[in-house]
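Presented below are the structures under discussion, each in the form of structure tokens.
There are two complexes below, and they share subunit A, which is joined by subunit B in the first and by subunit C in the second.
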Partner chain A sequence: MLPKNLRGRVAFIFEEVDFDVDQIIGVKNIKIQDVAELAKVAMQAYDPDFAKKVKPGDILVGNVNFGYGHPHYPPMRAMRHLGIAGLIAESFSPGYWRGEVSMGFPQVPCPGILKLVERWDEVEVDWASETVRNLAKGTSLPFEPIAQADRDMIAAGGLVPYLKSQPAA
Partner chain B sequence: MGFTITEKILARAAGLPSVRAGDDVKAKPDFVLSYDFPGYTDVVFKQMKEDFGIEKVPEPERFGIFIDHMVPAATPQEEELHIGTRKWCAENDVALFERKGIGHQVSAEVGFATPGAFVVHFDGHVSQLGTFGTLAIGIRRNILEAFVRERVSLRVPQTTRVDFTGALGRGVMARDVFHHIVRILGPASCRFQVLELGGPGLASLSTEGLQTVTGLAMFTGAVTAIVNPDPERLAYALPRARKKLEPVSSDPDAVFAARHTIDLSALTPVVVVPPSPANTRDLGEFEGLEVQAGYLGSCASGRLEDLRAAAKVLAGRQVKPGFALHIVPTSQQIMADAAREGLIETLVAAGAFVSSPSCDYCFGRIATMTAKQRAVSTGTLNVKGRMGSPDSEIYLCNAATVAASAIEGRIADPRRYL
Partner chain C sequence: MPLTLAEKLCAKAAGREAVAPGEIVTARVDLAMIHDSGGPRRVEPMLKELGVGIWDPSRVVLITDHYVPAVDAESAAILDLTRKFARRQGVEAFYDMQGICHVVLPERGHLAPGMFVAGGDSHSTTGGAFGAFMIGIGATEMAGVLATGEIWVRVPETMRVEWTGRLGHGLAAKDIMLFLCGRLGMDAANYRAVEFDGDAVRALPMSERMVLTNMAAELGAKVGLVPPDRTTIDYVTAAGARLGGRVGADWERWRSDDGATFAETHRFDAGALAPQVAAPHSPENAADVTAHGTVAIDQAYIGACTGAKLSDLHMAAAVLRGRKVAKGVRLLVAPASARTTQQAAADGTLAALTEAGAILLPSGCGACAGYGAGILAENEVCISATARNFKGRMGHGTSKVYLGSPYTVAASAVAGRIADPRALLAERSR
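This part shows the complex of A and B:
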């Protein structure tokens, strides 16, 4: 089973390499549990009006080794609450990757993505052809095939539904 | 074309004649380990019953649970978490290791570091079992799969091989080796791969030192690290092993994604400056920087060789008045051994505050720093807020450097004291 294709605007590009996602909400807010509260503090250091600009289905873009450091779950919970539907990065740090894939969050590694898109371009992630398309510019790039279990987990909507779909023995 | 140690271990665990890097497999972990932590074990125990209708894990001897965080408990909620963990272990006949020390070290002491075994945990620092030729991978919340299914889904990782030559000089320790690896290979160099260690210089590194190097593998992007087990590691691990398995090693013609050689004799002490474990610098660049706190401990460091190095630096000297030096041996066993050697007495006499094993110093739950404070630390990590306020700073370094800095109240080169 393939995940649903993503189609949305590039709501933000994190250009920093080895980006530590905790910075999205700020380390001082990492213990906040309430997702609405998290959404209020998210992106303040990058674009204070982010919550007003973003709309459901929008996508984030990251640089090389996205998610390095000691990633926690609240930053991306906040982003999903704001409507973010997926993330495309040049490459991912495995700890971050695994954590968010188990949440069912669609992500793809796509070397060259930073050159392919600009902020607010409309893009599409096509799982069948393993391609990222920049619909605004009519350009595209292949993304790296991800592990079968990761793809199935994204398609199923996360770890628990994925495991329920797997035989018990 | 030969196989890597990782491919050999995963082929056996997957029940296949052979596997290659890149294959998607379902492999049965020989051991499933976890420490109790809110959002992880409490959730897994609940999901097991409520989402999967599993009352009790089959083959409880494959499981091991550790209580090492929030030890001792500081709030009723923390103690409730521990009570839930003790109850689950009793109901499931699963071995519980409480207050024995930091689980990743205790795992080795009690035989989960079985050479040739495949181990999963939610925490990536379990990679240190790789010292003994064990493939131990941290899979975060996917650990649930190991509690509710016999096998876990994974893609067989590629391997970056690092061969050591030579031996470490005075005042240079395993921490310097690891942070040097990050420096020259890069923090993304081993993404989704296994960092494999070998070469003629391996024998010059202590087993404790290799636990340090392998335990930090995640900061190269690796999913784990593994050593081709040599006689010294096997002599430690085989008598303790919880399972009879044939130790394996990489074939000479195994296929590696990359190969590097590091001359240990060329290394010098380093410091990893905030706010990222990717920032390795020469210690000399930061000598003289004022620091108010020091932490010697964690699953990465805090073993006998670390305590010995600190004791050597501090013997007959005093920690600078006002400087908070916390020394936390990694396990009860190590603490007892250190006491027998007289190390604890030396450290206490010098003014160190020595505590029983706990993970809590490493993530700022205790000995918490406030804004503008700065620590030298052998903890695992130096990201913002790791040991308290997001406006405090952590400089990672070796145990001897922590001790030397504690004397001066500023970052100091330990070689002047050794």
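This part shows the complex of A and C:
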């Protein structure tokens, strides 16, 4: 099963390597559970008007070893609440990768992505051809193949829906 | 075919003779460990949605360590929910405010060689010091484990890191790991198993081996492993095996076969290592302690799973005994577990620390995770025996955290600036 193709603008590029996603909402806000509250504090250190600029379907871009450190869920829950549909990074930290895939969040490892796109370019993630396209510039790059188990999890919308869809043993 | 230790452990968990790196296998989980932060408050709603309870409550260990003791209404509510969950779900291995999960788990006899363990915390790689395949997973995946008792894993390749020789006086496992972070980089072991071996590793007690596997997470590892030996078995046996943490007579098989394939092998001489300090804001910024020049400090922190076990407190006391913390510097010590505190009180270590001017804090993740006491103000500088020094992790975004061994942290507390512990230790032996 393949997830749905992504198509949206690059809403933000996290240029830091080994980026710790806690930074998106700030370490002190990790215990907030309410997603609307989380969305309010998100990106304050990077772009205070982020919530106003972002549109449903927009995509984030990250550098090498994205998600290193504490792969807490609140930051990306906040991002999804704001309309973010997926994330493309040069590479991922494994704990973060698995955590977000189990949330059903589409992500692709795409070496070279930072050179391929600029902020607000429109991009497309094509699962069948394993390609990221920059629609604004007419360029493209292959992304690294993703394990079938990961693709199934993303297509199912996460681990909980996935388990629910399994016939009872 | 010869297998690595990681491959053998995966094969056992998957009920297979052999597995190869890259293969995806479904593993039966021997034990699941969860804590107050990523545990009940996040997994219970998902279990409810799935309409199931815990697959086997006798295989679950629940520990409160992140929000202990409660400092506000929110953390109190999280702890309350955690305690009620333990009762509702029948989790008997519930350790409430007994210390940090990665330390409590082996201390109370829950780990043994050959086990497959899922831990709901990013430093769960610590358990690999005991020859168990222990991985860190997020709350959603943990909900899946608690519901089914299974998880899929991609069998990792293994990076072998060999330390020959012997660590010099005033050096510790923390120096080894900071050196590796600096030398290899934060994603050098991305999704790999890191297997630590060599004379210098085998000479380390379990508490120090746990620093190696704990900080394997800093290298991006899926799992960190030390092949079990007599030291392991003595520890595990003394801890009293319970809940699957039983030592099988077959423990000697939990090592990489001769001729097993390693993706990479690194060899270093422990005797040539100098104390390491990592500058803000990444463990990767590690260098010899002397390379950092004069860095005045406001706070010295000895705490966390990787920095405040009994052996860590012994290191600090070796430096601090008969000395005083510098004026204008605060030295905070948060022993890693209640048992650590008891032992350190019994053997005189706590007295040595407090007479030097150390302030004792509760056992828990504390300031290391940015939750507990010991938070830094704007532009303050701290040297810490913890594992991570990301921006803002220990307080204000402009605060600076340097990482070092307990020896180095204690020496810096005395000097009022980042200092080489070897000079102070040498003075003592003269």
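We adopt the following convention: the second predicted complex is superposed on the first by the 163 of 169 C-alpha atoms of A that agree within 3 Å, B and C clash if a C-alpha of one lies under 4 Å from a C-alpha of the other, contacts with A are read in each partner's own complex, and residues count from 1 in each chain.
Heads up, the rule we're going with is that contacts are C-beta pairs under 8 Å (C-beta built on N, C-alpha and C of every residue); 3 or more make two chains touch, one makes a residue touch a chain.
If you're wondering where the values come from, they're calculated on a predicted model, not measured in any experiment.
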Worksheet item: Once subunit A from each complex is brought into register, does subunit C clash with subunit B or fit beside it?
Response: clash
Worksheet item: When the two structures are overlaid on chain A, which partner does A:160 contact: first (subunit B), second (subunit C), both, or neither?
Response: both
Practice prompt. Kindly classify A:45 by the partners it touches after superposition: subunit B alone (first), subunit C alone (second), both, or neither?
Written response: second
Discussion item. Per the contact definition in the header, classify A:93: touching subunit B only (first), subunit C only (second), both, or neither.
Written reply: both
Worksheet, complete the sentence: On subunit A, the footprints of subunit B and subunit C overlap at residues 17-18, 20, 22-23, 26-28, 30, 64-65, 68-70, 73, 91, 93-95, 98-99, 102-103, 147-149, 159-160, 163-164
Worksheet item: Along subunit B, where are the residues that touch subunit A in the complex?
Response: 24, 39, 47, 51-52, 124, 138-142, 144-145, 148-150, 153-155, 187-188, 191-192, 218, 221-223, 275-278, 381, 383-386, 390
Fill in: For the subunit A and subunit B complex, residues of the former touching the latter
17-18, 20, 22-23, 26-28, 30, 64-65, 68-70, 73, 91-95, 97-99, 102-103, 147-149, 159-160, 163-164, 166, 168-169
Worksheet item: Contact residues on subunit A for subunit C in the complex?
Response: 17-18, 20, 22-23, 26-28, 30-31, 33, 45, 64-65, 68-73, 91, 93-95, 98-99, 102-103, 147-149, 158-160, 163-164
Worksheet item: Which of the residues in subunit C come into contact with subunit A in the complex?
Response: 24, 37-38, 41-42, 46, 49-50, 67, 74-75, 78, 122, 136-141, 143-144, 147-148, 152, 154, 186-187, 190-191, 217, 220, 222, 282, 284, 370-371, 388, 390-393, 397
